Amino acid sequence: MDRIGIADTMFARYDMGAEAVDELESCPGHGERFEIVRRTVPGFKDLGVVCKKLIEEEGCRIVVALGMPGKAPIDQVSAVGASQGIMLAQLLTNTHVLEVFVHENEEEDPGRLAAVCVDRSRKHARNAYWLLYEPEQLARRAGRGVRQGYSDAGPIASASQRDPSPSPSPSSV
Amino acid sequence: MDRIGIADTMFARYDMGAEAVDELESCPGHGERFEIVRRTVPGFKDLGVVCKKLIEEEGCRIVVALGMPGKAPIDQVSAVGASQGIMLAQLLTNTHVLEVFVHENEEEDPGRLAAVCVDRSRKHARNAYWLLYEPEQLARRAGRGVRQGYSDAGPIASASQRDPSPSPSPSSV
Amino acid sequence: MDRIGIADTMFARYDMGAEAVDELESCPGHGERFEIVRRTVPGFKDLGVVCKKLIEEEGCRIVVALGMPGKAPIDQVSAVGASQGIMLAQLLTNTHVLEVFVHENEEEDPGRLAAVCVDRSRKHARNAYWLLYEPEQLARRAGRGVRQGYSDAGPIASASQRDPSPSPSPSSV
Amino acid sequence: MDRIGIADTMFARYDMGAEAVDELESCPGHGERFEIVRRTVPGFKDLGVVCKKLIEEEGCRIVVALGMPGKAPIDQVSAVGASQGIMLAQLLTNTHVLEVFVHENEEEDPGRLAAVCVDRSRKHARNAYWLLYEPEQLARRAGRGVRQGYSDAGPIASASQRDPSPSPSPSSV
Amino acid sequence: MDRIGIADTMFARYDMGAEAVDELESCPGHGERFEIVRRTVPGFKDLGVVCKKLIEEEGCRIVVALGMPGKAPIDQVSAVGASQGIMLAQLLTNTHVLEVFVHENEEEDPGRLAAVCVDRSRKHARNAYWLLYEPEQLARRAGRGVRQGYSDAGPIASASQRDPSPSPSPSSV
């Protein structure tokens, strides 16, 4: 059975990992085609190595890494380093790790911030599922301004007013 | 048959990947000397690893990676990390990955932004072709202020007013 | 017997390493299940390589790296580089290194700064112990706004006012 | 025969590569002891991988990498990434790559900018030659404030007014 | 016989390398237990690879890398990249490289700047010696606010006014 990894933190102020797990449990094949392995680390700077361990030691085929950088300037700096670790984990294993960071300063209101956490965590959990089992879902949305955490930005109007509906993705590639 | 990779995102607000594919399909040898492999990922931070996979798992000899960082400051920070991933993918595989990023804030007007997307995507797709099959096209333009997305900046007037036309590129090197 | 590494610096203005050692000595199994190996380097930029040496040459299964970046702007820049080294040490060894940095400018008052040093050093030493022997302690606190150095931020109120007490962490993952 | 690599770009607005080639052709042993291999890539972010390829696939013992970051803020950011690639190429091959970047905003006047290009390209080409064949030329200038692109800054007056002429470099090291 | 590497630059405006060499020559065992290998490169961005070469090709067990970033903003950016190279050299070889950078803007007065160069170069040369042969010298100074280039900052007063004299470093670790 395939394994999908979920890595999250104690530092985050919302249980994003639980949202991601719940979303994956609702995907076709959960418990049959794939199972979920979850690991919690202290903070987002610890995500890089735990993702690599999930891949190399736990056999995960893809990982969703969730964290919530705080409001302090130092947190923003730390988030850059944390992202570099997650990037390196991917490059050294040839395995996707979807970084799901919700910055605490994205929303003033706690309720709205929680809503961003829910939406972004679930959409990226779904993206992980698609990357493994339904890549055509991603291909179909190429260049369509898809967002996680908020509603889609959508495609910009093109210079030549071409209709994007009859999707221009070439069939043979 | 050689393979050229195209990696793009759902996040981008213009289908830059389709432009790159279309340009490559118009190059000599498409379908005979080389074929195109396209992969779409969620966002530009996912490009690094998919490029490495295109090279190591799909056998691509070169990759064009297309993304559109958004207007938010955090997007600019993320773009730096995404570039580092693409850089690392190249260094670890000894394979060129041409990064084609159009920043959403490059142009206010959607039509003009789309035009930048078209121009930059196509020119870099052509550059990929040249790197593989016609490196002399690049050598001929060394130091000529060539641009993608906009018209060329051109060479600066030299200190000694030397005429750049009789190209000074040495024949034996 | 397992080994837990402590890496600290001469540069720091508080003996954070001693706090971490003391905390670990109070953990169950000290001297039986695990022993402590401590190394002191000149400054925080020397932590990355000493952590990797503790892991690869001294056989440590986890390391706590403690440092105190100074008040000067250059110290902040150096701290970023130091963090990158610690991150790389982890990624190249698949081993956690908990970075415990107390920035000298976090508190004006020396007494308060010392208190941050004590709290952060001890909590992360405990986190290291948990990562090795009681990972369920971390899982239980996922998304709970746990902090080191200061009191916990706690979870944010959720959008749907869901009660976080009946912890939603799935049993099978 | 040894090989010295020259990597440059179409993006640059001055043919810095030609200057470097010309300088190397004037060095003792050109065509006998060493030959020059030149590769042109689209932009400076493509230099890292081409340098590594010049070293590992073309057998170059040293490389001079020339680029001209533009005036836009994004160009400065890209230049940092490009430098990281060049750094990594060196570290992964144990081979020097001399980075010769002339920032377009270093000089307002095109003529002066071109002069910087000429001077910096040629001096670094000469440095590459020295690193390979005459390292004593470098040792002799240790701590002397040597510059490329502009005239030397020279050494600062020392605290104890020590005379730097009777060079203090130890004979046995 | 062990080898200690000294890497310095032509760019620096003070012969920091000579100071480091002189300090090491005054350490016990010079010429018997260890010898010095010195290499000079053009600028501080060339230090990373020469340090790695000193370790891997010249057999140095530790390296002191000395450089002087200039006053221009671009020099500060370059210094960050140079540090990353030195960091990577350490991580890839499991060998300490002590980075000794004196920023030209640390002091206005040339005499004072030179004094910083002397002090920092010599203290770090001594640190290198200690790391190899007398690690207890470092352990004894853990958390004591030791500085190079200037006088020590010293430890901060602790929250509980604990007396730092009866050093709390545990004997068994």
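Per-chain residue numbering starts at 1, and chain names A, B, C, D and E are given in the order in which the chains are listed.
In the analysis below, contacts are C-beta pairs under 8 Å (C-beta built on N, C-alpha and C of every residue); 3 or more make two chains touch, one makes a residue touch a chain.
The model shown is predicted, which means the values in this text are computed figures rather than measured ones.
Counting only chains that touch, the fewest steps needed to get from chain A to chain E is 2.
Rounded to a whole number, the gap between the C-alpha centres of chain B and chain C is 41 angstrom. A separation of 25 Å divides the Cα centre of chain A from that of chain B.
For chain D, residues that reach two or more other chains under the stated contact definition are 80, 84, 88.
Think of the chains as beads on a loop: from chain C toward chain E, the beads read C, E, D, B, A. Listed in rising order, the residues of chain A touching chain B in the complex are 76, 80, 83-84, 87-88, 90-91, 94-99, 103, 124, 127, 131, 135, 138-139, 141-148, 153-159, 164, 168-170, 172-173.
Interface of chain A with chain C (complex): residues 6, 8-18, 21-22, 25, 35-42, 45-46, 48-50, 52-53, 56-57, 70, 74, 77-78, 80-81, 84-85, 88-89, 92, 110-115, 118.
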